[in-house]
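For reference, chains read A, B, C and D in written order, and residue numbers begin at 1 within each chain.
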Amino acid sequence: MTANGMPAPGFEASAPCAPPTGNLVPLMHEIRHALTRWLEQGEEHVIDLRSIPLAPGEEDRLLAQLGEGEVNARLSIQGPSDIIETRYPGVWLITHYNENESIMGRFIEVCEVPGILTSQADDIRAGLERLEDQLSNAETTA
Amino acid sequence: MTDTEFLLWVRGPAFSAATFIMCAGLVIRFLEIFLLGRKADLAEARGSAAAGGFRTLFRRSIPDAGSFQRSGFTIVSGYIFHIGLFIVIFLFVPHILVFETVSGLSWPGLPSNIIDATNVVTMIALLAVLIHRVKDPVMRMLSEFNDYLVWFVTFLPLLTGYLAFHRVALSAPMLIGLHILSVELLMVLFPFTKLSHAFTLWMARWYNGAIAGYKGVQS
Amino acid sequence: MSGPSFQRGYNALKEEIDAPTAAFFSSCVHCGMCAEACLFFTETRDPKYTPIHKLEPLRKVWKQEYTFWGKLGKALGLSRPLTDQDLADWETLAYDSCTLCGRCSMVCPVGNDITYMIRKMREGMAAAGHAPKSLIGATRRAVTIGSPMGVKLPALQAQIRHTEKEFDIKVPVDVEGAEYLCTLSSMEIMNFPEYIGSIARIFSLAKVSWTLSSKAFEATNSGIQIGVSDIAAELVQRIVDAAEELKVKAVISPECGHAYMAIRWDGPNLVGKPFNFRVLHILELLDELRAQGRLKMKDKEARKVTYHDPCQISRRGGIIDQPRKLINMVADNFVEMPEAGKMNWCCGAGGGVSSNERADDLRLKTFARKKAQLDAINVDAIVSACSNCRIHLEEGLEEYHMELPLLSLTETIAEHLAEE
Amino acid sequence: MSKDKTLGETLQERGISRRSFLKFCATTASMMALPPAMIPVIAATLEKLRRPSVIWLSFQECTGCTESLTRSHSATIEDLIFDTISLDYHHTLQAASGSAAEQAREEAMQENYGNYILVVDGSIPGENNGYSTIAGISNKDMLLEVAAGAAAIVAVGSCATFGGIPHADPNPTGAVSVSDLVKDKAIVNVPGCPPIPAVITGVLVQFLTFGLPELDQLGRPAAFYGNSIHDRCYRRPFYDKGLFANSFDDEGAKKGWCLFKLGCKGPTTYNACATTKWNDGTSFPIEAGHPCLGCSEPDFWDAGGFYKALSIPTEDIGKTAVYAGAAGLIAGAAIGASLRARKQSAVKNHERVTIDDLDQES
């Protein structure tokens, strides 16, 4: 609704009236099963939200249901990525943005820590090299 | 021929040809029967032939209690697949659109998944009817090639419709094309096989009811 | 005289096929429901007795002569034409195992009047020389002697004299200007002469002006049963002539099913012109008298009775309520058998089957159906209104060791009539 | 940037972190509709990949496909793609012009003969080669020449894949598709008018990562064209419930009901629009309220009308039925009259049957 009480043009066609695809509930159950499997077998699980047909507004409802938990990390890698632990520990919501902050991919991961959050051996190696270079440069200049 | 070209062919020239054959054939069949004529009844009437004929058009759809007991399977399975065919043919929205373009008339349809379920029930009923036809001594004796052909061309659109709805095995344009083609086969054979009973039965019921009605006899 | 031939039979079948026949054959989907409606099938479970199957020769002629594709198929040699042997093979199906009872015509879901077509097919069968021997004999007696049982006028006159003496009542014969001309079946003259006394007493007490005719007392029509319209017309014409000569207002058909069918419904069509008199079944007339209060009962039948519907009177003739009203007038304890009325089962002897000795065993076998109906109700007596049904029911009851008296409805009414 | 280094080495040199690479792999897997379990495989393969040479030829086309690709929202990924490949010839994008451009093409062909990837957009005139030429070379000749040395061909857009709009009735140039002319090479068809940009890049990445992808019978990669629009459409529940928009401005249209009656070709169209969507994943035609035109299917321009429901016959059936009825009346009256005459003759042939005619012995 706009300020004068008239419905906003074109509003009806979008989110509030969109039909449910009926995919939300099965999705929540998939998460529940994944959590159980992780506890019992330590098996990790990734859901690509783009591969599931969702009606306009449905994804927002999903995110609202998952909520936000204790961890909220922002990565800066060729555009930001948000890594959020939902209100269900072990259920992570990962959103990749490009440099224009448009969403490029959104995943739900069921695991201890999403792989992309942990430091990568290659990066550590590169970082170590940089550190050593820096130190040796400092020694020579000192 | 690509699948799309095939679909266009069945929706275009093939459908026109099938429509032409079916409509012309039915008119010819009707005249073939009607023009044989019938002698006027000279006996003093005790009832109305028209009223009797009209009544029997509807009344004959309701079996008497005794027949229901003795031919229960035939009646129940027959009812199921006929009602099923009616629902699937006339209450599926994509089909209604076809009738609308031809006649300008439209009516509300049923949800697609109800149509799908009805289709499955109808196919099961038709299979049961076929098994009955093969197993029952009377029906086996009466049945000829025509009866099995009619069964087949009735079953085929249901099956292709099911496959098209669920996109089994082939591409969607091909499946929809095959479905329409199977309906065209049904349409082409309609006037020249027992399928035409869908129309001639109204004549048969009318004559039966009129002959009886004139005499003031129930039928 | 040219004698029967396949060509004449084939031509007759071609003549008989009309729009209803074509509509019926076009509509049959071979569902087999008519089989379950036919007592020849239900009591034997032999598929060949399926009613529509009995019409195969007629169907073949329709298909090959009156449909475009059938004709094409025949011309191309794709389908075998009808042969004399086909007709010979179908003789027992068309005559021995069909009483023209019309039950199949009632249940056919597409509305086929199968009985209507059996009657037509018999025209071709008879003209091709494939009518049963004993039925030909009965027809010959009807044409040459005047009655299928060979009853001649002197025999009737003897019964009249006997009746007049027994009841001290006048039986009018050849009375010009009488209101009703009563006809009789030879079975009534030979086996149930009480019928003559009964109608004489009823009409006398109800003050009905009536007469018999010495020229046309026989109401039955073997021509109808054997399926020869030319002969049936000749037999009907005798009654028409007598009725016109005596200037009656109406002709009364006796307690006989096919006689009613022959004179009431087929009669005008056979002779080719509407009658200038009415035709009533005796039950119709009696019910009219009842409604007018002209039948006074002195007492009522005490036994538990049921009513057997003669097919040509009830199902094919439409006289279903009248007998029930009449029975309720004369009996206190009237029960219906299962499927009574328009769907009642045939006794098994109509449509010429009773005159066909070859069919005797089959006819008695099918009586099991009637026995089952009777077993379900446990009555003391059966009332009916057809002497042909009556004779066969008596025979069947004897065959199945059942002690049940058979009553004529007319006679029962006469018995309980109050004297003035 | 050298063609001899692997992508992993190139990225490292450019200081792109492993995390960034993983992010690229994850979003690419998502784009290619691959299961997330494939992400490590993609990472491992891409890392070792050496940049292949790509030659892009444009024939009878509108540049919509190139526009689509360059307007692709996920800039990072495109950067990476263009880092991954060596686009040696693309006459819309390249800086070189005239004979220098053609020289670049010939050099690229010579250097990488048998190994380069050929991308084509636009259809090829089949009737008269003069309808479309580049540098005096007919489209057909150029295609066949370049195709001969290609490792594989990617046909981008409905024109290159199926002939597209140039091929639409009456097809004045006799336009044909790449696969109509080239029979001896692996061709990946990426139809659409235009194709979804992410699908173009996705196919390239998939091709580079896993080689020739699984194709459907129309040569389309199953990963992107494996599902019909209808089956993945968020309005599908309305179709199943039997709720349809009857016009573009009725209550049903406002409520976002199924557009089948308005001619939606979703049921017969295979593409990724319903899940990948367009413009930064914002929307796709059906979500915007317009029925699917079926642009990724052959002959979509002539497939019975954009606004005619898929189930409706394309010709005037009502008229046909009336003509058929009239023809039936004439033929039926003639046949009926002859049958009637046959019956009359049977009636005329009737010999009166007497009792003496019944017995066969008599």
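In this section, contacts are C-beta pairs under 8 Å (C-beta built on N, C-alpha and C of every residue); 3 or more make two chains touch, one makes a residue touch a chain.
Please read all numbers here as calculations on a predicted model, not as lab measurements.
Trainee: If you take the mean of the Cα atoms for each chain, which one ends up farthest from chain B?
Mentor: A
Trainee: Hey, which chain is the most central one here, using CA centres?
Mentor: Per-chain C-alpha centroids compared to the overall one single out B.
Trainee: Please work out which of A-D and B-C is bridged by more C-beta pairs in contact, and write that pair.
Mentor: Of the two interfaces, A-D and B-C, more C-beta pairs touch across B-C.
Trainee: Taking each chain's centre as its mean C-alpha position, how far apart are chain A and chain D in Å?
Mentor: Chain centres of chain A and chain D, defined by C-alpha means, are spaced 32 Å apart.
Trainee: Averaged over CA atoms, how far is the centre of chain A from the centre of chain B? Could you give it in whole Å?
Mentor: Distance between chain centres: 56 Å.
Trainee: Express in whole angstrom the distance between the two chain centres, defined as the mean CA positions of chain B and chain C.
Mentor: Inter-chain centre distance comes to 38 Å.
Trainee: In angstrom, rounded to a whole number, how far apart do the mean CA points of chain A and chain C lie?
Mentor: About 91 Å separates the centre of chain A from that of chain C.
Trainee: Could you pull out the residues of chain D that touch at least 2 other chains?
Mentor: 335, 339, 343
Trainee: Can you list the chain B residues in contact with two or more other chains?
Mentor: Only 28-29, 32, 34-37 qualify.
Trainee: At least two partner chains per residue is the criterion; list those residues in chain C.
Mentor: 17-18, 66, 68
Trainee: Each pair of chains that touch: what are they?
Mentor: Pairs satisfying the touch definition: A-D, B-C, B-D, C-D.
Trainee: Which bits of chain D are touching chain B when the two form their complex?
Mentor: For this pair, the touching residues of chain D are 162, 216-218, 228, 230-231, 239-242, 244, 260-261, 267-270, 297-300, 302-304, 309-315, 317-318, 320-321, 323-325, 327-329, 331-333, 335-337, 339-340, 343.
Trainee: Would you tell me which residues of chain D are touching chain A in their complex?
Mentor: So the residues of chain D in touch with chain A come to 12, 16-20, 22-24, 26-27, 29-31, 33, 35-37, 39, 73-77, 232-238, 253-257, 274-276, 280-281, 287, 289.
Trainee: Where on chain C does chain D make contact in their complex?
Mentor: For this pair, the touching residues of chain C are 1-4, 8, 11-12, 14-15, 17-18, 65-66, 68, 126-127, 129, 131, 136, 139-140, 143-144, 226, 228-231.
Trainee: Can you name the residues of chain B that touch chain D in the complex?
Mentor: These residues of chain B touch chain D: 2-5, 7-8, 11-13, 15-16, 19-32, 34-37, 93-95, 97-98, 101-104, 108-113, 167, 171-173, 176.
Trainee: Contact residues on chain A for chain D in the complex?
Mentor: Result: residues 12-14, 17-22, 46-48, 50-56, 58, 75, 77-79, 81, 94, 96, 98-100, 102-105, 107, 115-116, 120-123, 126 of chain A touch chain D.
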